[in-house]
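Pasting the structures in now, so scroll down.
Common to both upcoming complexes is subunit A, partnered first by subunit B, then by subunit C.
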Partner chain A sequence: MTEFTMPSLGADMDEGTLVEWLVNPGDAVSKGDVVAVVETAKSTIEVECFDSGTVSALLVAPGTKVPVGTPMAVIGPATEPTAHTPAPQPTEPSPGFYPAPVRAVTRAGDAVSTPLVRHLAQKKDIDLSTMHGSGKGGQITRADVEKAASPPRHRVPASPLARRLARSLDVDLEGVRGTGQNGTVRADDVRAAAGKRAHRTQRAHRTQGPRPPAPEPPAMPPSGAPPVRPSVKSRPDTLTTGAPTTRSAISALMTRANRDIPHYYLSTTIDLAAATAWMLNRNANGPVGERLVPAALLLKSAALAARQVPQLNGYWKDGAFVPADGVRLGIAVSLRGGGLAAPALANADTMSLPELMKALRDLVSRARRGRLRASEIADPTLTVTNLGDQGVETVFGVIYPPQVALVGLGCVVERPVAVEGMLTVHPTVTATLSADHRASDGATGARFLAALDRLLQGPEEL
Partner chain B sequence: MNTRRASTKAPPPTTYREALREALREALHDERVFLMGEDVGRYGGCFGVSLGLLEEFGPDRIRDTPLSESAFVGAGIGAALGGMRPVVEIMTVNFSLLALDQILNNAATLLHMSGGQLSVPVVIRMTTGAGRQLGAQHSHSLEGWYAHIPGIRVLAPATLDDARHMLAAALADPDPVLIFEHGSLYNAAGVLDPTIEAVDLDSAAVRRPGKDVSVITYGGSLSKAMAAADILSGDGISAEVLDLRALRPLDDATVMESVGRTHRAVVVDEAWRSGSLAAEISARITEQVFYELDAPVQRVCSAEVPIPYARQLEEAALPQPASIVDAVRLAVS
Partner chain C sequence: MNRDEAFELIKQVLTDVVPGADLDALSPDENFRDGLEMDSLDFLNFIEALSGRTGLPLPETDYPSLNTLNACADYVASRTPTAY
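What follows is the complex of A and B.
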């Protein structure tokens, strides 16, 4: 038996809100499976499980905010019934689904409820004092709150044929008067409603000229369509309304970084003539789907440079530098609705360029949809901020703690360059390094930028 | 049917019983065919189907048997295995349960258990159904139980033409075929359609086309469904009447095609409702054409009691045109 706990999804995270469970009790999970969606102050993240086994209980209800390290689920051993040993019977009643962690029953006005239920009510903006509980002794249960939050959806009684017709004729069953048994809507009722509407639309066109007909009620979504996951639907809201929290989280983190980390800054301009020429040639001869952008070359070079200068690839922890065991290149992604995420591109130094392109596209789109994995958000070893697409030439960034350096890349611009005594115009990029002076000195940083430059001069090696 | 043809060459009217007898007479021209059962010889069959055949074909071909269903059905199966084409008559389906072991465990399974080496070309005829005040032990409709069994074919001729022609097709089938003759049909009179020379055993028949509801039935309930359709047409409800004809295998295609057009279905089955053939058909309709349905499938079945002897009670227990009309109205209302 192991516990699945609220993970720390960043150095600055001390609590998180469970948005939804992607598993149910009894589901088999294996290490690396995405089991839950957690909302942190910065973004919404898919959290992976670090154990394999069977989910035996979910301890935290969606919508609950819990501190890092709080057990959220119990994962038991994988159930493999053997011939000799029968499945172990629980000796005590196993914890049910979302048992209230605190059983204390308190009074809120006249309504009696548990803290978990009160929390839920608060979240759903329901006044418990106006409710009558269906539980023991009038206690307000979770079900009561959920019922109050979403009154049972009225389902129009309709025959299967009527439903099918309504969909194909784009008729909202809600407005159709049923003439069948107990007011059941039948096919003829739908046809009549569709006919009436067509008639009305026609008349509207005739008498009112170009004025558009009154908007029709929205059609029922086809039941065959995959159900919209409420979490997905609510995601844009989370991001926009979550922007202030995102802002405050960034504010706290960057204040800490600028206050605690003695930064030093280096800058160099790198000639991209060779890299650009090689890339254009490759793109011209390769399939469209595998075309590269300059960012891929820059990121790959940065990852390789980080491998060559390991003093910048790691963490400052407890007053000492701890080198990382691999290169997980953090990519600063600006989010719609404001804010930043810097998920890690794992093994960026060993990926081929097409792989890196693909991984980058995937990572950025998921970051913007708020669907990052915990492992991606947790542990970048060196972050790159690339403002090239905004037309910025030089960016000096603030280190993302506990990392010890940040690489800034501007846009690729054509500049006059002196080559072997001759003046010519080449595409160039300004690469900068913000580094933690506690962990390294300027010479180390210079070695990094030099390595970056050298790598970009031999693009075919990347 | 008969009036239409009376004006032309006027073929002689016949009955369901005579049609069956004619089919047997024709079949007996094949030396391998013989008829056996209780009272089929000297008495002429307890429903008079085989009257006169003993005189015509002799005791080797028309054999009276002891009162032991298990024994003579088993003998029929043995004869079929030995190369004969026996037609076994069981007095009523109620008594056939004594031979159920032979039918299910031998006739229906031998082909499978012999790895395809032994087919059992036996034809078993029996009477089914109520409506003649014969009491519970002679009146039940258990053909649905047989339709449950893989390995046999179950037929229910409801018309004179089917009574006349199904036997030949059944004898041509290398596997066991059970023919259920509804007791109330034996006296049904009419004229055979001279254009029909053979029938197939696979398809249901649309006995009356319609567009508002599909009334699906078979055997003794067909005439009641037709009567109900007449009443309904007076109200402007156009009922299509389907005769299943073969209860196993069921002709899903014809049923679904009809329900797909009418969008409503009423199943009429003289058997008890629970676990009936009507239940099977209703389930198949839901499985296959659910999104064509504009109303729940209605079923008209017998009351779940042993069929009563008293006339009024017996009539009340069975599907009647009036109850079919009510069910149709419920479906189309």
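What follows is the complex of A and C.
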């Protein structure tokens, strides 16, 4: 019997809100299965469980905010009989839902239900052994059974932008007709529902400037796509909207980073002629879906450079540098509508380029949909911020504690370069390093950038 | 495919690959990579989807002709057979 607790999804997370359960009591789960969706101040994360067994009780109701470490579910031994008819999960927090005494889930004995309730349960085809009573001593009441029998409330499919808009415009997504794929609610649908006023507001916002200012601190997980909750309006205190919370999370962490970390900065311009030519040639000879983008080559090189200069790949903990075992490359991903996520690309140094490209596309697309897994945001060992797509040439970032360095990549631009005494024009990129002077010196940082340059000159080896 | 069909198809593909894209706010001659804040991965998703829908190879060397709705529609319409 083990407990599934609210995980810590980052050094700065104190509490999280359970958004939804993806399992029901009686379900068999294996280590690594996604069992719950948790919303932190910064993002919405799918959380895996770390044990195998059978879910015997859910202790926390969706919508509840609990501190890190709070038991949220009980996972019993795998041998426990699995219910044939799992009860639909309760969808509203109800006071008696949390305590879920263990005996209530072992058997549907007389102690936990009355004959009337059992009869009702039978009629509605509900397995009482999978239910938690909200009555005295965990007794299952008629109301529990009726609630279980009603269909679970569906999360309205909607794009992240639509969710954010809906929240800021006070539109209930339940009432909006989605015109996207499979009825997904799109931003336009929300605007249509909210009227012209909203549309103009959005346009005005769009035209203010296409991008957030350049050297935005990297690595801050996103406003993401906070879920639709029917009761947002009635509980404004606990369920603040995404953006301000995200902003304050970024604010707190970056303030700490700038206060505690004595940064030093290095910059170099790298000739990408060889890498670009190799990539174009490779892309021309393969299927469209397997094309690479320059970012993939740059990230792979950064991961290999991190392995070659391990003094920059790890954490500053308790006054000392602790090198990391492998390279988990944090990828700063800008989110549509503002905000940042920094999921980690595990084993970026050992993946082949096509594998890395595939993983990158998957990771970025899920980061933008607000559906990252807990294991993907567990502390990266070195973060890369790539503002190339925003047209920025040079970015000096702020290190994401407890990491000790941050790599900044600008856009690939054609610049005049001298080759064997002759002036010519090549694609180039400005790579920078922000590093923690407590953990390393400039010479170490210089070795990292030199390694990055060297690796990019031999793209076929990446 | 005629130009109007191509234009609609491109809008459809963009809507699919850029969730929440506001195509009504986009001018047909505006670079949609900028206008829709698409990064290189978004653009590759677009190219892959458009290639799948049209059967065109869309080589990387033609990317500069595929940046605006108008240019993209011209490109696709001129390279696909018209259905009668």
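Observations, loosely collected:
As a working rule, the second predicted complex is superposed on the first by the 302 of 462 C-alpha atoms of A that agree within 3 Å, B and C clash if a C-alpha of one lies under 4 Å from a C-alpha of the other, contacts with A are read in each partner's own complex, and residues count from 1 in each chain.
One rule holds for everything that comes next: a residue touches a chain if its C-beta (ideal position, glycine included) is under 8 Å from a C-beta of that chain, and two chains touch if they have at least 3 such contacts.
All figures in this text were calculated on a predicted structure; none of them were measured in a lab.
Of the two partner chains placed around the shared chain by superposition, neither subunit B nor subunit C is touched by A:A28. Of the two partner chains placed around the shared chain by superposition, neither subunit B nor subunit C is touched by A:V322. Once chain A of one complex is fitted onto chain A of the other, the partner contacts of A:V288 are limited to subunit C, with no touch recorded for subunit B.
When the shared chain is aligned, subunit B and subunit C each come close enough to touch A:A187. By the touch criterion stated above, A:A162 is placed in contact with subunit B and with subunit C alike. Partner contacting the larger number of subunit A residues, of subunit B and subunit C: C. The contact surfaces that subunit B and subunit C form on subunit A in the two complexes overlap at residues 159-162, 180-181, 186-188. The part of subunit A that touches subunit B in the complex is made up of residues 159-164, 180-181, 186-188. Against subunit C, in their complex, subunit A makes its touches with residues 159-162, 180-181, 186-188, 202-203, 206, 210-211, 280, 283-284, 288-289, 291, 293-295, 334, 336-337, 360-361, 364-365, 368-369, 388-389. Note for the complex: subunit B touches subunit A at residues 263, 290-295, 330, 333. Looking at the complex, you find that subunit C touches subunit A at residues 15-16, 18-20, 22, 24-25, 34-35, 37-41, 44-45, 47-48, 51-52, 57-61.
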